[in-house]
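Shown below is the structure under consideration.
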Amino acid sequence: MIELLFLLFGIFIMFFGALGLLRFPDVYTRLHATAKCDTGGAISILLALALASDFPITGKLKFLVIAFMIAMINPMVSHAIARAAYKSGIKPKAVVDMYAWDNP
Amino acid sequence: MKMSLVVRTTTKLVAPFLVTYGAYLTIYGYESPGGGFQAGVIFAVSVILLMTAYGYRRTRKHFPLRTVQLVESSAALFIVGIAMAGLAFGAFFINFLRPYVPGGTVMTFNIGVALKVGTSFVLVFYILSRWVDRD
Amino acid sequence: MKRLLGALLSSALLLELLRLDYTKVSGGSYAYYLANWREVGIPNLVTAILADWRAYDSLGEATLLFAAVTGFYLLLGGKRK
Amino acid sequence: MIAVLVAIPLLFAFLTALTIPLRMEKYARYLFLVGALLPWLAYLLMGEGSEVVGGWPRVGGIEVALDIYSSLLVLGELILFSAVALYSVTYFKKEVKALILLLLVHAGLLGTFISRDLFNFYIFMEIASVSSFALVGFSGEKRAIRAAYKYLMLSLLASYFFVFSIGIIYLKTGYLNLELISQVSPSTEIRAAVALALASLLLKAGIFPLHLWLPDAHANAPSPVSALFSGAVVKAPAYGMLLLSLYLPLPESLRNALLVLAFSSMFFGVGAMLVEGDVKRFLAYSTVSQMGYVLLGIATLNPLGAIYYAFAHMLFKGGLFLSAGAMVDKAKARELDKLSYRGDILLMVSTIMLSLAIGGIWPFVGSPAKAALLKGLPYGRELFYLAGMGTLASFTKLNYYLMKGRGEESGTLALPSVMMALAALLAGFSLGGSPKAMDVYLLLGGAVLFLLLKASGLLEIRLEKREITPGDVNLGAALFALFLLLLLHLSQG
Amino acid sequence: MAQENFLVILPYAIAFLLFTATLVSYRVIFGPTLADRAVALNTATTKAVVIIAMLSLLYDAPYLLDVSIVLLMVNAVGGLIIAKYMEVRA
Amino acid sequence: MHFYLRQRLEEVRKRVLYESYEAQKLPAWERIVITWMALFAFWIVISGKFSPSHMITGALVTLIVAVVTRDFLTDDIRQTGHLISKAAYIFLFLIPQYLFIMAFRLLESNLKVVKNVLFMDINPGIVKVKSNLHSNTGLTVLANSITLTPGTLTLDVTKKLGEAYLYVHWIDVETLDGEKAGMKIKGEIEEWLKKIFW
């Protein structure tokens, strides 16, 4: 039961992440949507799979390894893309931009 | 050229696990899916990650171009050597270790292929970044 | 015009190839591999085929990679930026 | 033990590669020479026969064999590569990587010629051609790099379709071994796969409408490399076509199409040779023409003739490229007007001998090869003789231009071509041709044709040098796609 | 055990994720900047990783998990290289 | 003014002393052992074999990898404390606790994104936050955690004069005051991290 809940939650979150990617106005806000929702949704689905699978215990742990790797790598890549986007001159739609103050 | 601090450190944290995973694929290639080629790609990916994060110059200090070439050539020689060693046991490429070790020469063959493939891809990226990379 | 021609040609080729029947017939080498799997003593069939039955081909593939890398090195590795 | 033939050059290629990181480049050439010549020993010690690598039954393993077809090709390759090795040791003094690639081409060709397994054939053919791509662009000139790019793109495109057809054959028969495939009754899919494979091999062999890459690649490569390419590398796909024709059924319509292609390739090559002023491009177009003869043998289901001709072509075309290379490397020019062999008597004799051999004159190797081809030809002998006469006329043109002007002593560079000329002579005797009256008529006809053409001023036409553009690749790909469609259609009808 | 329910619902979940991936591909194709494309591609690949993991359960094939780990790694390298390219070009 | 400068200088000197102690590399065998433990645990998880021969193979292979990559994982671990207590603390106590906290923050952030997507009530801005961590690994984990917490995304990390600053893209800017923003963004994560990394 609980794994079903996790699965549905993960799919729900991933769908809203994709929707956010389409709806938000600029790269940085889109990155918000994908970085959080992809990580959260993927981890949730992988947890559900680990709970539901009848693999041996190490097989289940492998799902967790994937989840952990996603949790480690996804924010890193998001950060790298955000920084690169800023450096390559994409201006954020923002009320305050302290980064531009310090790096004119 | 270096990338930001977060990227550098995360790649550094991930790389040893990747190498371990590649070693696992090499050694247990005969029990689970995987084998030389996949493991080689994983080895290469771990070095390429470091190279992307730290730049070519810094990575080259840890894994010099000469060493990479040396490993590549000797791994290739090792594979042919396994094949030629079979001649002493009757046929080219015969699995002469099978009576003694489960799987026989498969594991040694996989190790050779993994080193070969990994160093090959690293070499390709080294040559490319000589042209692209500043710093 | 050129693009149109290219698209036309490739779609014609694709349709021609899709007309063929891609179902697998039983028997052949695969049946042999399945039947004599135990003889090799490797639990993983793919590795057994790649590294034992057809190891000669794998040697060829590794050599192919070596050739590609050496050629790449020959063409691009000579001078620095 | 047959696979050792492949393993020795591979082993020495890797040993040569090991000298780069160990900073022992000065020993590389010795290792290269040993790797090039040691297969001779293995070849001479080995009897004919077949074996499966690794001692498996034939169903599971990879079969290699050294029968009448293979051993002749292997012999030709060994002779040619020995000469090329002698040449390249002086040519590539500093470049160890080029020597490695040459050894890999050697290994790939030997592996191709002994294989009896479709996938194994493909792998070794790719080793030979992948090593070739870089060698074409070795000089680093823009033209050479572009020629290499064109060769790479078209050849890889053909490779994809070849692998696809192998996949279909494996899907439908369950085997990769050709002997076993031939026992399965052919279906529509197998015929379609054969058509696909034939089309891709036609591109790789440089038969007329798909030859676009060949003159550029063979002309812009370094001299020893172009000798190896024209001599041996294009024979690998030809051998593949031969294997297909031996073990798989070729429908009548497909064979007729191949026959038409063969003749058109022969005549197109001759025509292009007559108007070409660049000696290496001249010889490259001659390869297009001569590959037509090999295809003729395959299309008329005369494998022995095709093999004889392929062997003969290896000897004389390799030798011609080597002697042209000796002149080109001395004079640093490729135009026929600026070259001459007058300075070096050895070079002159060997070039004339090789020219006679390519025309099919007794006692050289071309004569028994053409006789073997003619035996299987049901009709169209007149066309065959006409093509031979055209070849002789164009080579008269070559010798005419080389006879004019002043050349220099080429020293040891002439040695490989002399070797090849002697080999062509010896092979001609041992293959057992006989003198025919036709030879004299052909020779006379060729000379008269040349004089007529010269008097009419046709020989003065010079095609202007075209730049190689990426558009050429598109053109080649489009032609290839058309060909695939055509052959697919013919194979079903 | 909810195993059966789970296996029944899994194909629909995969189909829905694929639908989501097609939504994302809008940004891959029409994304105004390179960064947008990179983000969208990254998202789509993460979805592919999850889908492969789900398939491994559906087909009872644990070896597919190794594939998904490799895909994850390649995805990371791809994203980083695009980011690096954008930084170097700036 | 003068007094302020002296005080500041004192602070910097103290930190340099502290850092030069804490940033000292651990002895080589400690580094190898920590790396080896982490890698061996990973090996057991992925290989899933518990027979002695497999374990010995794994131990040997991971030992080789650990010797080669000994500097990669352990650069920024605190110098103070005993190896075993540190390792036990890290693996048994801190990491589970950290994961537990992060799981709930991730859940919260996901829901917040859903809310933002539905109502589009965004007010984005980039704010600068000072961090009390000084090591690379600590900053990295902090930055990654911030990316996963509700409404924030780390844009860049800079270290100037021994002080680390994070530039955070905040989807809904509530305050511009550095202290308050720091409290809101970092929460208690930084406190946890300070126990492992300096």
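Labels for the chains are A, B, C, D, E and F, by order of writing; each one numbers its residues from 1.
We take it that a contact is a pair of C-beta atoms (placed from the backbone, for glycine too) under 8 Å apart; a residue touches a chain by one contact, two chains touch by 3 or more.
Only a predicted model underlies this, so the values are computations on that prediction, with no experimental measurement involved.
Trainee: List every chain that touches both chain D and chain E.
Mentor: B
Trainee: How many steps does it take, at the fewest, to get from chain D to chain F if each step moves to a chain that touches the one before?
Mentor: Between chain D and chain F, the shortest chain-hopping route counts 2.
Trainee: Once you count every C-beta pair in contact for both, which comes out on top, A-F or B-F?
Mentor: When the contacts at A-F and B-F are counted, A-F has more.
Trainee: Which chain is the middle one, judged by CA centres?
Mentor: C
Trainee: Farthest chain from chain B, comparing Cα centres?
Mentor: So the chain farthest away from chain B turns out to be D.
Trainee: Could you put a whole-Å number on the gap between the CA centroids of chain C and chain D?
Mentor: 25
Trainee: As a quick test, compute the distance in whole Å between the mean CA positions of chain B and chain E.
Mentor: Centre-to-centre distance between chain B and chain E: 26 Å.
Trainee: Can you give the whole-Å distance between the Cα centres of chain B and chain D?
Mentor: Each chain's C-alpha centroid was found; their separation is 36 Å.
Trainee: Could you tell me the distance, in whole angstrom, between the mean C-alpha positions of chain B and chain C?
Mentor: 21
Trainee: Please output the residue numbers of chain E that touch at least 2 other chains, ranges allowed.
Mentor: Only 62, 69, 76, 80, 83-84, 87 qualify.
Trainee: Specify, in ascending order, the residues of chain A that touch 2 or more different other chains.
Mentor: In chain A, 17, 19, 31, 41, 59, 62, 65, 69, 72-73, 76, 78-80, 83 touch at least two other chains.
Trainee: Can you tell me which residues of chain C touch two or more of the remaining chains?
Mentor: In chain C, 52, 55-56, 59, 61, 63, 66, 68, 72-73 touch at least two other chains.
Trainee: According to the definition of touch, which chains form touching pairs?
Mentor: Result of the pairwise touch check is A-B, A-E, A-F, B-C, B-D, B-E, B-F, C-D.
Trainee: In the complex of these two chains, what residues of chain F are touching chain B?
Mentor: Residues 35, 38-39, 42-43, 46-47, 57, 61-62, 64-66, 68-69, 72-73, 75, 136-137, 139-140, 143-144, 154, 156-157, 159.
Trainee: Which of the residues in chain E end up touching chain B in this complex?
Mentor: Those residues of chain E that touch chain B are 62-63, 66-67, 69-70, 73-74, 76-77, 80-81, 83-84, 87-88.
Trainee: Chain A touches which residues of chain B in the complex?
Mentor: Residues 3-4, 6-7, 10-11, 13-14 of chain B touch chain A in their complex.
Trainee: Applying the document's contact rule, which stretches of chain D touch chain B when the two form their complex?
Mentor: Of all residues in chain D, those touching chain B are 1-4, 7, 10-11, 14-15, 17-18, 20-22, 51, 53-55.
Trainee: Spell out the residues on chain B that touch chain E in their complex, using ranges where they run on.
Mentor: These residues of chain B touch chain E: 1, 3, 7, 11, 14, 18, 21, 25, 32-34, 38, 41-42, 45, 48-49, 52-53, 132, 134.
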